[in-house]
Amino acid sequence: MEWIFANAENIWRLTRDHFALSLPPIVLGLVFSLPLGWLAHRYRWSRGALLTVSGLLYTIPSLPLFVILPVLIGTKILDPINVVIALTLYAVALLLRTVTEAFDSVSPEVRQSSLAVGFSPLQRVTRVELPLALPIVVAGLRVVSASTVSLVSVGSLIGVSSLGDLFTSGFQRDFPTEIMVGIGGTILIAGLLDLLIVLGGRWCTPWMRPARS
Amino acid sequence: MITFDSVTKSFTDGTTAVESLSLEISSRTTTVIVGSSGCGKTTILRMINRMVDATSGTIRIDDEDISTLNPVALRRRIGYVMQNSGLLPHRTVLDNVATVPLLNGDTKKVARQRARELLDTVGLDQALALRYPSQLSGGQQQRVGVARGLAANPNILLMDEPFGAVDPLVRTELQNELQRIQRDLAKTIVFVTHDIEEAFQLGDQVVILREGGHIAQSGSPADIMSAPADDFVASFIGADRAKRTLHTRVLNGRTVVLDEHGTPAGLLKEVPSGGMDLR
Amino acid sequence: MITFDSVTKSFTDGTTAVESLSLEISSRTTTVIVGSSGCGKTTILRMINRMVDATSGTIRIDDEDISTLNPVALRRRIGYVMQNSGLLPHRTVLDNVATVPLLNGDTKKVARQRARELLDTVGLDQALALRYPSQLSGGQQQRVGVARGLAANPNILLMDEPFGAVDPLVRTELQNELQRIQRDLAKTIVFVTHDIEEAFQLGDQVVILREGGHIAQSGSPADIMSAPADDFVASFIGADRAKRTLHTRVLNGRTVVLDEHGTPAGLLKEVPSGGMDLR
Amino acid sequence: MYSLDAAGSLMNYLWDSILWIFTPAHLSGPTGVWARLGEHLFYSGLSVLCAAVIATPLGLFIGHTGRGRALVIWLTGALRALPTLGLVTLLALLLGLGLLAPLLALTVLAIPPLLAGAYAGVESVDPAASGAARAVGMTEWQILTRVEVPLALPLLVGGFRSAFLQVVATATVAAFVPLGGLGRFIFDGLPVRDYPQMLAGAILVIVLALVSDAVFALIQRIVTPRGVRVARSGQDHAEILR
Amino acid sequence: GSIDPLASGGSSDAPSDTIVVGSAGFAESEIIAEIYAQALEAQGVTVSKQLNIGQRDVYLAALQDGSIDLIPEYSGNLLQYYAADSTARSSDEVFDALSSALPDGFRVLERAAAEDKDSYNVTAEFAEKHTLNTLSDLANLDETFVVAGNPELAERPYGPRGLTDVYGVKANLMTFSPINDSGGPLTVSALIDGTVQVADIFSTTPAIAENKFVTLADPKNLILPQNVLPLINSDSASDLVVKTLNNVSAQLTTEDLIDLNARNQGDEKAAPAALAQDWLTEKGLLSS
């Protein structure tokens, strides 16, 4: 406890860094996987390729990816951007399948009826399919958010500081409290993001709110 | 008037759903297309608003070949009502009905005003206007579907088994309601069903299809009942079955009409004195 | 005989589905319980095999209070057929039908033999025996459902809207088939539907329910048709409606029976000469 | 420019690491590729098994009774947010060196997908089927074992599939506390920036993941009840028709 | 350092008159880095920190690509990194050799008296049982034994290979167990419970004394002298910076390190920043 108060400033800084590292991959993951997921949903030829590649991406262990990225894209090795890019890749890999399934789940009846009513092709995607896919996308985004927040801490092993610093430092100093604080902070961030996603999702899908009567 | 001229539709997988169909659908009447599952009813209906494009042959609306028209624009001037209503689940009742006027360029205000009027037309309480489709009963949803179909004030209304999924009581109610609306509005309605009772009740003209969109018989209900063109039609309308073979019996002082199973079909109003041949 | 004695069922959420119901269901006849959606039909049926336990009151089968019986054992001696057949999708048709004899301790061989006989009883081709339910049409699935209901050779067969999901033609076929089977087997059938036509066709006894499982009228179909107990019943059976008010007209040389909309109901066999009061 | 360079250097690195893997000195011996692969499989399998012992019965119970649904959602969410690195270091401090700490951490990781698979599997069974089973007189246990579990198997195995995949990929992080397995190559290579060795570790993990994924996909196909498979292909067909 | 992942270059893009201080991934390096940073700040130099980077290969690459400008180093290991075959052995030789071995753009400033080097330790019982005093005695062991150390020790010249080459330890009896805590608690407990018999622990680790471990002597200087010194990017080495850091080095002793480490790892768990501040205050280096 004492330790926590004495180091509050440091913990707060790491928490902020952790949050700042978690948010971009989640947002970017969503931004990239929506169009890709639609593509995979719409065109059979692209589905196999996209889903296979994303499945492959997801199996890459995080640590080597963090390390090899700067070599590949020419960023500096301590640049947090490496972690952001790597986690964005994972986010896309995870979300792509969900987004595809979300678009798949839009009922054929609604598709037919939007066609019959005279929506243009673009209007059908943006005004009908996308909103109706949202609830499933949101569910997928929650998983992505939790796993991203958890993975950010691995960045500490390559010098990108986050709450993960507390894990390595606590480990080297035989100091479980420090690690527990790190875990607690991570869960807090995950919880906060989850809440934001759930609320955002609810706000975007007013028709899902009322219980069926 | 809608005219089919030797229209054939083959799907890419080789199924020929409709083969060389020629048919005239008169304006301002209700034409019911009836046939069993898979005989091509939906395909015929969808060719009218180009959700499905004919493989060969010509379809004309008031002498205008529809293949020359822009499909999206065409659909916006033809009403379409389908089974399970096909309402957009993420929009309120009002916005569902207002969809087509909005697409046609009306302002939000005008579109909503129109939508409110239509709720009255189809007999829906205004209190339901801001609900979502999932908050309505099946029958209410179908009414909204009809309101949406009428929203663009189309001359033509296509209805694909619109009452197929609601329970019989509600179904009867909706059928009566449709007849009332049609008396007022006199649209060109093309109505698809596989229920011959429904076809007889609603159709000014009934078209009985067999497999592949071939017409087995078309005509007024009474004509078809009294003179089925062939065995297929007779069996389809049940004329050869116990249910259609009626007799009467007096019970509790009233004349009950019974079929051969003894199932009562109704009460006879007047004892026919020989009857009058209308021909 | 099945007896309901002041039976009430309230669910934990406060809904009272059935209130103080007293009813006698005679053995070896078909009793049809009919009423609109949510009026408690399924609840009544399920109380008979204790899938739902009554909150108060007594239900007796042949004077035995079923609350004293083991529910699982009770269910094994009562057949149950439901809408959408409720077949086990991972078992073949034969194994679905054989399920109950197996549960009752028959050997696999005996159970399958019995199942094969039952396929004949319900008019199913033996060639279908090794298919899975998903490979059958809706009508065939319902036949399998009936066969399974009969598999334990039960005295009682409960049927919950068994033909509600199949299309009208097949439905008629299944109704006729059920009547044929019942002529042979004479089970105590309790049949639930919301279709009054079906009720009139199948029921020796028809029980018309209103909300909350209250009985509006019960009796034979012809009795109910000729003397509805009250306005609710009259309106429910459509006696006050244009559809039930029939008249005849001669067309193409045949006497067609028409309702007030002009919709044909059938052909009259003999011109009634005053008719005969059966009372 | 970058992309060309990047593609080129990636190819070089990949080639180097493949050479690294197939260097005889790296292949055999107690710290060789084969041994590490074996260890990796062993740890992954063991922790998924441990997780299954906890999660599967729980998931089946909740799916069958419908009780505790909120618990599952909460639990899977919370467990997913637990950072494996934090967990593994904490457990290593509390439990000391050895297999136990990483094994526990990986078990925790594997629980959410297994729980979700078992629960969703049973939940997805058509209530008409289980209701009918009750109506013909099956006991609750018979309903669970003869109807719900067989029908839930594809999703149940799906849970194993994603749990195993996740554990295989994450077992590398667990190598941070002394543990064998393919993570060794990554952690041994990291401090000295031995790219070929690190990438070799990564490649081996990916290959292992892909192979096991394929195996699970196969199992999933095999356990899908035939009647259900037939229905599915029928649906697919209907979908094509739309 | 503070992180803005969307800024293209991260903290390394700080203005060029800012000195980015880095540290290796273990506590002592972090403490010394804090000392450097706070001493510089006290002299009005703008400083930002990027601590806990990892191992040498990583932070040297970071120094190379400009992510950091300054980092505490250890003379011998740094020399071996750039000139593995160097024959320098004494502290002075190492320092001289190091100054010339460094790549362009890097320089080292004055070394401190403080030294912290890898050391091979065994438990008192094990030492007694096998009469072990020096690393040469390990060659006489005729049973298998396990050496523990950070993973990279396996690749270092003074690692197991060095033991064999220099002291003739039998390679077939020796296995290496990588433990990722830089001679920390797990290594210590592994040594105590007999999971390993020999452990590489930094010589300034308080646990050596606490557990009465026997540090095996290194008569042949397998492990080079390891004086603490600042490694700096030449462009950042302004006179003020050099003077400030040299002042720090002049006062830093091995005892100081042991003391600081004890406060960091012992019950107090004092944070590196606080320890640095205490030390600088005590030595009067905070008054500008």
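By written order: A, B, C, D and E. Residues from 1 in each chain.
Throughout what follows, a residue touches a chain if its C-beta (ideal position, glycine included) is under 8 Å from a C-beta of that chain, and two chains touch if they have at least 3 such contacts.
The chain list, named the UniProt way, goes like this: A, D = Osmoprotectant transport system permease protein; B, C = ABC-type quaternary amine transporter.
None of these values were measured; they are calculated from a predicted model.
K.L.:
Using the touch definition from the top, what's the fewest steps needed to get from chain D to chain E?
P.N.:
Contact-graph shortest path, chain D to chain E, evaluates to 1.
K.L.:
Between what two chains do the most C-beta pairs come into contact?
P.N.:
B-C
K.L.:
What is the chain whose Cα centre is as far as it gets from that of chain D?
P.N.:
The most remote chain is B.
K.L.:
Which chain's mean C-alpha position is the greatest distance from chain A's?
P.N.:
Checked the centroid distances; the maximum from chain A is C.
K.L.:
Could you please state the distance in Å, as a whole number, between where the Cα atoms of chain A are centred and where those of chain E are centred?
P.N.:
38
K.L.:
Using mean C-alpha positions as chain centres, tell me how far chain C is from chain E in Å, no decimals.
P.N.:
About 86 Å separates the centre of chain C from that of chain E.
K.L.:
At what distance in angstrom does the C-alpha mean of chain C lie from that of chain A?
P.N.:
The mean C-alpha positions of chain A and chain C differ by 53 Å.
K.L.:
Return the distance between the CA-based centres of chain A and chain B, expressed in whole Å.
P.N.:
48
K.L.:
List, in ascending order, every residue of chain D touching at least 2 other chains.
P.N.:
Where chain D meets two or more other chains at a single residue, that happens at 92-93, 176-177, 187, 190, 193.
K.L.:
Hunt down the residues of chain C that sit against at least two other chains at once, touch-wise.
P.N.:
none
K.L.:
Could you list the positions in chain A whose residues touch two or more of the other chains?
P.N.:
Only 156-158, 168, 171, 174-175 qualify.
K.L.:
Which residues of chain D touch chain A once you look at their complex with the stated criterion?
P.N.:
Touching chain A: residues 2, 5-6, 9-10, 13, 77-78, 80-87, 89-90, 92-94, 165, 168-170, 172-173, 176-177, 183, 186-187, 190, 193, 195, 198-199, 201-202, 205-206, 209-210, 213, 242 of chain D.
K.L.:
What does chain D use to touch chain E in their complex?
P.N.:
It comes out as residues 30, 92-93, 96-97, 176-178, 184, 187-188, 190-194.
K.L.:
Would you pull the chain D residues touching chain C in the complex into a rising list?
P.N.:
126, 128-129, 131-139, 142, 147, 150-151, 225-228, 230-231, 234
K.L.:
Tell me, which parts of chain A touch chain D in their complex?
P.N.:
The contact residues of chain A facing chain D are 55-56, 58-65, 67-68, 71-74, 108, 111, 142-143, 146-147, 149-151, 153-154, 156-158, 163-164, 166-168, 170-171, 174-176, 179-180, 182-183, 186-187, 190-191, 194.
K.L.:
In the complex formed with chain B, which residues of chain C make contact?
P.N.:
These residues of chain C touch chain B: 36-37, 167-169, 172, 179, 194-197, 200-201, 221-223, 225-227, 238-239, 241, 243-259, 261-272, 274-279.
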